[in-house]
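Next up: some structures, all given as structure tokens.
After this come two complexes, each holding chain A, first together with chain B and then together with chain C.
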Partner chain A sequence: MKIIVLLLIIINFLNAQIVVVTNKNSHFKEIPKDIIQYIYLAKTNNIDDIKVVPILSSDEKLHNEFCDKVLCKSPSQYNSYWIRLVFTGRKPIAKRYDFNDVVKKLNELNTIAYINKEDIKEEWKIIYEDN
Partner chain B sequence: MKIIKHSIKRLLFFYHSLSILKKFLLAPLFGIIFVFPFYVFIFLNTSNMKLNMNYINSELLPLYEISCDNVLLLEKIVNDINSAVSAKEPEWINYSDKNADKIRENLKNNRSKKYNKDIKETTEAFNEYYKTVGDVSKKIIENDYRYYNIDSDTKILVNNYNKVDTLLKNLKSKTKKDIENNINSLSDNTRFILLNGNLVFFIWFLVSIVIILLVYKDIEHKIKRIVNDSKDIARGDVDFEKRLCIVSYDELGQIIKSINIFINKLHKSHKELSRAKEKLDSLYIIDRLTNVYNRIKIDEIIDAELKKQKRYDFVFSVILIDIDYFKQINDTYGHLVGDVVLKEFASVLKNNIRDVDFLGRWGGEEFIILCIQTDQNGALALAEHLKVKIEEFDFTKVGNKTASFGVATCTQNDNAKSIVENADKALYMAKNGGRNMVVSYN
Partner chain C sequence: MKRKHIILNFITISLLSISGYSADLDIKAFGTISGVYNNNGNYIYRKDIFQKDGSSNDLSFETDTLIGLQTIVNINENYSFALQGIVNNNCDDKIEAKIDWGYLKYDSNENIIIKLGKIRTPYYRNSENLNIGYSNLMIRESVEVYGQVPFSSYNGVEFIYSDIISRYFYTIQAGYGAEELSVPIHSLNQKANVDVNNLYAVNLTFGTDALQLRTTYLNADITASNISIDQLFTGLRAFGFNDLANRYEFKNTNSEYLGFGLFIDYKNFIFSSEYAQRRIPSFFADTHGYYITFGYNFNRIIPFITYSKSKMDTATYEANTVSNELNALLHAQNLAQTSKLIGIKYYVNENVDLKFQYENIKPIGEFGSYYLSSLQYPQTLNVFSFAMDFIF
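What follows is the complex of A and B.
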């Protein structure tokens, strides 16, 4: 019984793994965590001199988990951060897309998005996996 | 060309007519004339500087102050609204209205016409920004950071903010630069005035020195001329032909003029005196009636001839002549006729003596002839000749007359008295011998 519950919990966790993906044909391979942070926090635009466009998800649970696990910020910290960028005239806040739009967006080369690992599609490659 | 020459002449004449003091005053006067335009220029410069100062104080500094103020106010507004959004307090957004109004008021109070355009632009941009920031912030708060147009809204907000921020900071830096430029130009102006002030003084000084030197040289030259001319006049014999050269028409010229007039007067007076002296001289030694030498002159000549005889061994003779029976003429015809006869007698003698002989009246009816460098024979011959001439002459009213002649020749032993005495003795013998004859003293 206990073992089954443990397994279920583990499976749950396994299912909730976040990966950052991009189009298979994008020009870069794996990127480390801190670079992902830089990109999603608008501290940099490029990986290896290639312009990278980050995509945000409108799935609240996914987004919060991504902020937490990958960006290491709480959601409100993330919001405050971006509002500060707006008010100091540096960057506007990006749109958030639902899953279908994310799929469409990933057709363009050099765009990255975060998804649940289970939702991964053939055309994409994983460039970051959260352990 | 002619006009220039004429004007130069007139100027020179004017210069020569100035008094000596005025001549020296020309130096600072010319200095001022040369330097006056510089002073006008410097004066204009200082007025310019004053305008600049006013501009800085009344327009630029206040504008700089409010632009610094505005930059800080904008920062305050941003922080306040940022906090409001972060804390999800829409009410806090309104607290920034006060600051926004302050910014607007600051911009309105600008007094500088030059920045009107910038101010207008800034005001419009700020108003737009403030509206946008209020609306977007409220939207974000209401929608909890997620709504469809958040990207475009925030993009507009970012642009507006950057625009206002840039405009406000530009205003600040522009006014600062303007102030700096004006202050630099003030300092440049001051330096310029100082340098040129020195130059001006230097030029004035130089011009004054040059003119004083010129005037000094001129006066020195004139005085030298006067000195030389006066030395010339003083030197040598009295020469009334010389005058002092007129060197100018000032005080020196006045002195020269007076001296020359004085010399003129002296000359005239001297001429008169000379004439008078001549007249007097002749009166002194000429017998008035017969116009021949009188005794005084004859004595003089005898003395001179004696001296010559002693020294050079010259010889001279004396002839004494007496008109025969002259008293009778006076008694018979009167003194007037007698005077006429005397005159005529004298003129006959005069016309028949030689150039070297001196004829003089020795007494009432006595005449004397001094024969220079003549020995006894020569004198006798002359006497004989004269005797004949007298005999031949027809005297007025009285007809023919005769005279007696006594001749004496001067020897080593004779003096003035003895020579005439000898001639007198000879004459006496002629009278006693029957008159109308020549006797020589032996």
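What follows is the complex of A and C.
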């Protein structure tokens, strides 16, 4: 029994919790999951008339988990969806940023990004937490 | 200069001149390399009514293979030029390079997009990305639905408004324009010059990320003519068959198209279905068709099955008028058939996918199906296709 509990703890540790964050001074408080989905699927880019800028991570594992847990899509599905937007002239290819660039980007108000919860910084606030 | 070329040339020249000094130029390539084998030598299997050649008891690489290039020049945050061109096998069975669409776009970066130029007509869910195989599940969309309207773009203006109400998103697309094109009637070795005027299209998409509903309505005044067709109807009137001529002549005919779609993408389950009908009171008869697709997403691998059916609302293949020429023209319009399809898509990486599919097709009625044949009584086709799609 102890071994099973230990394994569960390890699995939980390996699958770090994903949160969506923004600058503490941004206008948003909490954003529900389906609105996060709409933002990352480019179906909307504003909340309460405020323009939101979503940032994608170049960390493959984090990105895949975000696709799976938050967007409820496989990474290949998400990629295919985005390609459709690109090749119908609607959106450019979405840039992916490493953590250092994400930190810089989040200095701008109303920019949002998904990170591992353990990486959160004092100047950020959580607007969505995957439970 | 023809009307349809004016806007396009304006956009092409503007795009080329701007791209000379603009740093914000985005060029992308896409394509499909595909092979098709149809086991019935009495039919030429083809992608749509435009294609002349395809598979007839042999392996054909002409059906779906294409390469394309997309260029977008961002002038500023709100304005951009976009142009997409493809190279594929054309209706004369020759390799042809052509501009598929190109427009000046205004994007408010909030809710509104306005396009001016040559614009893809938003009949179906995948109308705007038909040539981008990587973004689609099947190698080719169901011809029973997607083959009903013989033009895919128009010259004009489009207005798009998107927003969210509570937890639901919606998009309204409204377009107005005109188009001129040449539509082959391969079974009669003819081409019809088609003029589409006063075209307006409205599309509403509504739903959530997991469930979407879509409806489209299109109305246009359409004329299809050539020397043979004109002589046929002039002759009918000369001999006093005015009613017959009025019934079947395709001249400034008010034409309607109506489509519905339901799409579910929930967890790993994929469901999509579209129903479409066209109302064109002329020799180009009324039809309706639908398809139903189920798929399951195993991350990189998606197996899927599809059932499709198209039906003539007027059984033109049974036409027995006083004119043999008119009868032949009406027989050539029978597009009725059913298809059962099973296939698989494999995402190799972010740039390449592989697909394989098998179709069992049963034409309905005399001279039936989308595929070329001189057979009066229909036979079954078994079609095997494979494809590699890429984007860069």
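Please note the rule applied: the second predicted complex is superposed on the first by the 119 of 131 C-alpha atoms of A that agree within 3 Å, B and C clash if a C-alpha of one lies under 4 Å from a C-alpha of the other, contacts with A are read in each partner's own complex, and residues count from 1 in each chain.
We take it that a contact is a pair of C-beta atoms (placed from the backbone, for glycine too) under 8 Å apart; a residue touches a chain by one contact, two chains touch by 3 or more.
Just so you know, these numbers come straight off a predicted model, no measurement behind them.
Aligning the two structures on chain A places chain B and chain C in a clash. Of the two partner chains placed around the shared chain by superposition, chain B and chain C are both touched by A:Ser80.
Once the two complexes are overlaid on the shared chain, A:Lys95 sits against chain B while remaining clear of chain C. In the superposed model, A:Pro32 lies in contact with chain C only, and not with chain B. For chain A, the partner that touches more of its residues is C, with chain B and chain C as the two candidates. Looking at the shared chain after the overlay, A:Asn110 reaches neither chain B nor chain C. Of the two partner chains placed around the shared chain by superposition, chain C is the only one that A:Lys51 touches, whereas chain B remains out of contact.
Of the two partner chains placed around the shared chain by superposition, neither chain B nor chain C is touched by A:Gln17. Residue overlap on chain A between its contacts with chain B in one complex and with chain C in the other: 79-80, 83-84, 86-90, 92-93.
Residues 58, 79-80, 82-84, 86-96 of chain A touch chain B in their complex. Remark: chain A residues 32, 34-35, 37-38, 41, 43-46, 51, 71-77, 79-81, 83-84, 86-90, 92-93 touch chain C in the complex.
Within the complex formed with chain A, the chain B residues making contact are 78, 81-82, 85-86, 133, 140, 145-146, 148, 150-155, 157-158, 161-162, 165.
For chain C in complex with chain A, the residues that touch the partner chain are 26, 28, 30, 70, 72, 74, 82, 84, 101, 103, 105, 109-111, 113, 120, 128-129, 132, 134-135, 162-164, 167, 169, 208-210, 265-268, 297, 299-300, 347, 350, 391.
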